[in-house]
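Quick heads-up: structures coming right below.
Below are two complexes that have chain A in common, paired first with chain B and then with chain C.
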Partner chain A sequence: MIIYGVYIVSKSGGLIFNLDNNVPRIEHEKSFTYPLDIVLDYDSKKVTVAFNKKESINVGHVLVSVNGILVNGATLADGRNVKTVLEAEENYPVNLKFARPKMTTNEKIFLASMFYPLFAIASQLSPEPKSSGIELLESDTFTLHCFQTLTGVKFIVVSEVGLGSMDMLLRKIYELYADYVLKNPFYSLEMPIRCELFDSKLQTLLEIIEKTGFNNLDK
Partner chain B sequence: MTVFNLYIFDKFGTLLYYTEWNRTKKSGMTKEEEAKLTYGMLYSIKSFVAKISPHDPREGFLYYKTNRYALHYLETPSGLKFVLNTDTAALNVKELLQLMYAKVWVEYVVRDPLWTPGTPVTSELFQTKLDEFIKQSSIFGLRSI
Partner chain C sequence: MSRQTSRFDAKKVNAEFLTLTYGALVTQMLRDFENVEDVNKQLERIGYNMGMRLIEDFLARTQAPRCLEMRETADRIQQAFRIYLNVQPSISNWSPALDEFSLIFDSNPLTEFVELPQDLTNLRYSSIFSGCIRGALEMVQLEVQCWFAQDQLKGDNVTELRVKFIRRLEDAIPAGED
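Here is the complex of A and B:
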């Protein structure tokens, strides 16, 4: 039972808490000869694979290092331009390391605010009256479970696919939120949650669930 | 209840076909507006799923559920999108959609010389065959409590 992440979105749609848990780091290094057989897309922020996936290097992966030298945006750590290095034949064979891009905090905030209208539209487009928003969203690589409290706070858990209902876990997180965040006198509503006790309690809860499932869930 | 409604979009977001069976709530907007909203939502979900996914996605988004209905999504490599709303208890809807694509869409729309690709489907034969196909499926008669 793998839980990839926990997100808490406030009533107004802002990300107020996020915890990454067990997110796999997907990295692959491979030696390439001239000419390069994968198509790269050179951007000022990153170099990504645009076409022709090879073994585990997929479209969308970002170039991390060239011959062990880290890539910083469009330049190498030693100041050379990635594109010029990769287009010069004398630099081959070359070792390239690719990785699936990791979400930055900014991207997470962006995604959280994106989920908010999705949730609302799902309830508006319902063919049946009195529908809630998205409670469960499944893709082939993960399942997202969402629980909205009566006050509009959303608890979102991203887990591996094929797990049953996460209701227990979501309610448990709500309980922790009510106990350790709302009762914290230094916490102001709608603001990011920075409560150490909440962090540690949530971490423990996730550990228990990953090891033994929901059966051994106690207070 | 059962199967509610079905949208078919092409890769540009044009609504090619819409039909409904047991829909009890209208969204209060025109069909075109509703289709645009649905397509926009699915487009956002697709990019949301691609970003939040911890592994490399293959098919990406499959379905979502609320407490009243489930929206099932099938996208072909050519960008054709089938969106079927059912009750939350329906099983194997993805297989049903794939079968519908192969047995009904390809047979009665793609092989229809009078249909111009990229325009809404008006063929009566397709409409009756689709209706038959959905009504015969196991999820149509299903009644959840």
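Here is the complex of A and C:
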């Protein structure tokens, strides 16, 4: 079983912890000749593939480097504009490396605070009174499991599809949080969690689960 | 008091160790503040901050559901004392409206070796308890008042901790829980 990430959202809806686990960074490098046969979308923040996917380079992938020179937003590391470079015929053939886009910390914080009202809306949409919020959110590529404690902290685990209940894991993470975060005298409540002990214990827990499932959980 | 692994009974410490460290804390505070009322207040505040964190540990360990009546809350508090201090206070003296009860301690682990000097009769030695209960319950959206009605240190037969329900903190209840 694969667990892609663990998020902890505080009572007030802020992301206080996130861990990316086991997400392989997929990169593809390929040589291109003039004219470029994939359509690129030039944004000020990144250059993405907009159309004409090619082998494993998919629509939505971002440009990482040109001839080994890293791309930084819309410019190359040496200061040249990506668009100008790729439109000039004399620069071809050119080696382009594409990768799956990676979320920045800001985007994660943004998404975490988006989840907060979604959770609240879900509980209000319910035809029955006293409904919980979202506990499970399924899509074709991942499943999101959410556990909210009585005090309002949300533990979120994003895993591969088709895994059964993650209650056990979420509870374990809660225990680790109670032990290694809240008992740390230098941690102040509601603040981002920067506790190395917690990180390492969580990592161990995830490793155990990925290798042997839930059976050997009570280490 | 704390656990090395996630198993319930993994790590135990000698109760005397806690008694003595707490005693050291109180004497140090008496030296620092001089004014007994200030010490009472500070102890209560320390307890409050401890309670806010301890509640998560309690919930993670016991997987207790939300309490919807005061009697359940009383049972949970009793259970917490058993887990964290290995004492079992009895619950009694319910008010007719069922919004107020007492926790009766035959013995109090914090005051095991303690005698109050004459000039400290105003000191509420164990007020860390009342702070702790208040802080913990506030995190699960219950506002309570908590005070000592009797204290063995002051010559009473038992130690009586009174807990009074004030209100549910409705706007603090997390979505999906109300």
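As a working rule, the second predicted complex is superposed on the first by the 218 of 219 C-alpha atoms of A that agree within 3 Å, B and C clash if a C-alpha of one lies under 4 Å from a C-alpha of the other, contacts with A are read in each partner's own complex, and residues count from 1 in each chain.
Keep in mind that, in the parts below, a contact is a pair of C-beta atoms (placed from the backbone, for glycine too) under 8 Å apart; a residue touches a chain by one contact, two chains touch by 3 or more.
Source: prediction; values computed, not measured.
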| item | value |
| --- | --- |
| Which superposed partner A:111 touches (first chain B, second chain C, both, neither) | first |
| Broader residue contact with chain A after superposition on the shared chain, chain B or chain C | B |
| First (chain B), second (chain C), both or neither touched by A:132 | both |
| First (chain B), second (chain C), both or neither touched by A:83 | neither |
| Touched partner set for A:175, first chain B, second chain C, both or neither | second |
| Which of chain B and chain C A:123 touches, first, second, both or neither | both |
| Touching partner for A:150 - first (chain B), second (chain C), both, neither | second |
| Residues on chain A lying within both footprints (that of chain B and that of chain C) | 122-124, 130-133 |
| Touching residues on chain A, where the partner in the complex is chain B | 4-5, 23-24, 26, 58, 60-61, 100, 103, 107, 111, 114-115, 117-118, 121-142, 144, 158 |
| Contact set on chain C toward chain A in their complex | 2-3, 5-7, 52-57, 59-61, 63-66, 139-140, 172-178 |
| Parts of chain B lying in touch with chain A, wherever the complex brings them together | 1, 4-5, 20, 22-25, 27, 34, 37-38, 41, 44-45, 48-69, 71, 85 |
| Chain A residues touching chain C - in the complex, by the definition given at the top | 11, 119-120, 122-124, 130-133, 148-153, 171-172, 174-179, 182-183, 189, 218-219 |
